[in-house]
Amino acid sequence: MDTTHAHPTIRRQVYIHLEPTAWTRRGLSLINRFICGLIVVSAALAIIETEPEISRAYRRMFLLMEWLAAAVFAVEYAARLWVCVENPKYGEGWRGRLRYVVSPLALVDLVALLPVLMLVGGTETMLLRTFRLLRIVRVARLGRFSRAAQRIVDAVRSRRYELGVSVCTAIFLLIVSSTLLYLVEGDVQPKAFGSIPRSMWWSIVTLTTVGYGDVFPITPLGRILAAITAIMGIGLIAMPTGILAAAFSEAIRQQERDNERQDSDPR
Amino acid sequence: MDTTHAHPTIRRQVYIHLEPTAWTRRGLSLINRFICGLIVVSAALAIIETEPEISRAYRRMFLLMEWLAAAVFAVEYAARLWVCVENPKYGEGWRGRLRYVVSPLALVDLVALLPVLMLVGGTETMLLRTFRLLRIVRVARLGRFSRAAQRIVDAVRSRRYELGVSVCTAIFLLIVSSTLLYLVEGDVQPKAFGSIPRSMWWSIVTLTTVGYGDVFPITPLGRILAAITAIMGIGLIAMPTGILAAAFSEAIRQQERDNERQDSDPR
Amino acid sequence: MDTTHAHPTIRRQVYIHLEPTAWTRRGLSLINRFICGLIVVSAALAIIETEPEISRAYRRMFLLMEWLAAAVFAVEYAARLWVCVENPKYGEGWRGRLRYVVSPLALVDLVALLPVLMLVGGTETMLLRTFRLLRIVRVARLGRFSRAAQRIVDAVRSRRYELGVSVCTAIFLLIVSSTLLYLVEGDVQPKAFGSIPRSMWWSIVTLTTVGYGDVFPITPLGRILAAITAIMGIGLIAMPTGILAAAFSEAIRQQERDNERQDSDPR
Amino acid sequence: MDTTHAHPTIRRQVYIHLEPTAWTRRGLSLINRFICGLIVVSAALAIIETEPEISRAYRRMFLLMEWLAAAVFAVEYAARLWVCVENPKYGEGWRGRLRYVVSPLALVDLVALLPVLMLVGGTETMLLRTFRLLRIVRVARLGRFSRAAQRIVDAVRSRRYELGVSVCTAIFLLIVSSTLLYLVEGDVQPKAFGSIPRSMWWSIVTLTTVGYGDVFPITPLGRILAAITAIMGIGLIAMPTGILAAAFSEAIRQQERDNERQDSDPR
């Protein structure tokens, strides 16, 4: 970049306001805040619109809002395409623009524009519209959140074998308990326990302590087995929780030790 | 304060008995204990009175109790107003009293008096009366409790980004699972899964492992998706629990290190 | 004790076999193992006997078992009374025996004998008979278990203010959520939400994530509030779990530090 | 083994491909991968086959698959029997083969072959077929998983007395709450609370926070007791989770200290 530019060009200024990583002031630029808000509103509307009672009453409003949002996103896309060459990552000229267009970020932007095109054809676009939420990750500068997410992923990964053992134990419990309940209650309640896959529905609902109550054993032996399954379900929750707690604890300790080492380092 | 006062004035004595921070002996003064008890009783009565079967039978008693409590609180308010000038924070004279009246503590006391005024007009005062519970914080000397609360708030704050990531993951899971169930079960159970907002009720009830059982999937595919949702629900509980456990662990360790540093400090 | 006694008296031998703290070999004496087993069996029978279908069919057997157990416990009581003077704690002669009779341990033994006396009169004795389970604590030598229990109690106590804050938060959430649901759903479902105490039943069932499904909100606003309550319920589980995990972690660390200090101590 | 063998015999090569511990390259041999896959497929089919709607429609396919799987397992068994003498553990000759045949691993392999023999006689073989899943442990080289499992078992064992106290507390709560509910609700709902064993079903479903909703108290006193039980249920989940979290934390710390000691060791 030419540093003699006292007044940056309009393209550069638009770039600075659109690209969160180029924004030097605190927080987000006004434009990106507005786009963030519009993404959330647009996704919320896509969710609410599926409710027939509401969508019938406010059909026009929903359509108008969707067209408006799409128009803003289209303008945003065009603007990003115009200023992308300011980013040294993509390079200048039409080659730089092409490189930008096929980048994952720009493709997500493009997909977020699709719903309005399909709206013309009348197809179900709700999924594509909630998909827009992903763009938040790109528009907002989520530095501290993504570092926190990284810490969580690291902690989970450092204990992946222990967590894997928990999952295997859970699958084992699931198969054993649903097989036993199938054998014990299969004849009495064929609809709920008439096969192992059917029993598995009960078993998962019990092991996760959800307990809808649509299926439950009625024979004494079935109830004893169900009681044991429910108690095992507590272990199923306690084990990964304990492993994760230890992993997060270790991650915090590790971080502190690194800080101390840095402090005592003479260089 | 004049230190030659061998016998403190009555106003000062009342002040010492009313103001927990001025009370030098252990625990609470008898007056404040009585007021604490009356606050709890008054709030409990406000809750019980909403039960029509009970309130119809004991209407008179409830009214009497409310008038009595209100009278005591009015006397207490007047007494606090009288002695407030003993507190150097507010200063002397009618300016000190005015400063006290507009202080948050005194305003909470005033709001606690409102229900009885509205009782004359017959309006619903139950909310205002349970609101009185807040006054416990002011009357009781909750030193160790408020320090513990501070430690919890600090621990939560130190991990706010990790907890934020948990919340975002939960919202993501909520949207994805309710969208999928809407697509799979929407036609079969339009009342329960006929729109994403309706599906969301099921999704939250499942992810939090509450499982009322008023709505649940009935198609095989819906059940498989529900099983995955329920298992994710366990992760949803395990993640914040693990993060909080690590944060509390770290807080205890930090406190100890501070104590050790203080001990080894030559001064 | 006279150390020249090469062959201890019969009374001393019975004492050694009856009193777990006098037993020098590993584990429990045969007599105490038998009594432990009988206590468990007797309590289990008391529980099972309440089932009308079973008790009607096997009335005689249950009565016989109860008489047998009572006879054994009576003989055991007499034997303990006979040998108690061997224990230097109570002293010799009839004064020692009297001191033993009024000791808490012997009183528990006596209460365990009561059911059979009341059986003659035909009164409900089930509660007194499950009460016998308490005697396990006295008959079995539960050294390592009681130390573990002490560690748990210590850990809980060291964080009692934090746990107290959790409980207060829970009560606050309980009052707020049941008041809101009473206001929102009270008119629609008067039976379930017609008063705050009634709403509280729903609120506790939701906050603890039990979710029986006998009561749940049906209005959209009620469901939104219930969803928030259910999510708060997760925090309600996560907070004490995290606090306890940190407390147990700290207890283990403390124990290690004590061990290290002991090791490095020159004396 | 003769080290001059530039080209190992066919038997040795088959042995290397069949025995995971003899396989020197990364991961699993192609043969063992195939057998792993077949075990999972065979167990999955055994589970799915119990569903009458599916098994009726695809009876032939299921039978064919089972015969095929059994044939492969039979060939595998024969091959293992042939090559087992390559393993120095069993020794050479027919004595070595006999020693292999009665080893637990080979017996599990033999049991996995049984279902097809019983299929001829038409007996229920589903349990024996899911049993095949155990063979995964033998075919797959689960080094890191088994070490993780060992760490979990060690952590649980190191806190076995604390966890035992949790279990005893749970049993105590179970007996107390079901006895109380039996006394309070027994006359109103004889089917659900008419005996302590019946009450226990409700009690376990509540304490584990499963909450099917098939049984719940309806009297005010019963509901208050149930509310207390449900809250205790949270403690029942929080306590073992906290103990396990502390145990896992300690295990990680111990491991690090061992690593550091190794690093600072001059040898």
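By letter and in written order, the chains are A, B, C and D; residue numbering begins at 1 in each of them.
Criterion: contacts are C-beta pairs under 8 Å (C-beta built on N, C-alpha and C of every residue); 3 or more make two chains touch, one makes a residue touch a chain.
Fair warning: this is a prediction, and the values are worked out from it, not measured in the lab.
The set of chains in contact with chain B as well as chain C comprises A, D. Between chain A and chain B, two chains of identical sequence, the interface residue sets overlap only in part, with shared numbers making up under half of the total.
Rotation relating chain A to chain D, from a C-alpha superposition: 90°, rounded in steps of 5. Measuring from the averaged C-alpha position of chain C to that of chain D gives a distance of 32 Å.
In whole angstrom, the spacing between the mean C-alpha positions of chain B and chain D is 45. Shared interface positions of chain A, i.e. residues touching 2 or more other chains, are given as 197, 200, 209-213, 237, 241-243, 245-247, 249.
On the chain A side of its complex with chain D, the touching residues are 161-162, 164-166, 168, 175, 179, 182-183, 194-198, 200, 206, 209-213, 216, 220, 223, 227, 230-231, 233-235, 237-239, 241-243, 245-247, 249-250.
Of all residues in chain D, only 209-213, 241-242, 245, 249 touch chain B in the complex they form.
In the complex of the two chains, the chain B residues touching chain C come out as 43, 47-48, 50-52, 126-127, 130, 133, 144-145, 147-149, 151-152, 170, 197, 200-201, 204-205, 208-214, 236-237, 240-249, 251-253.
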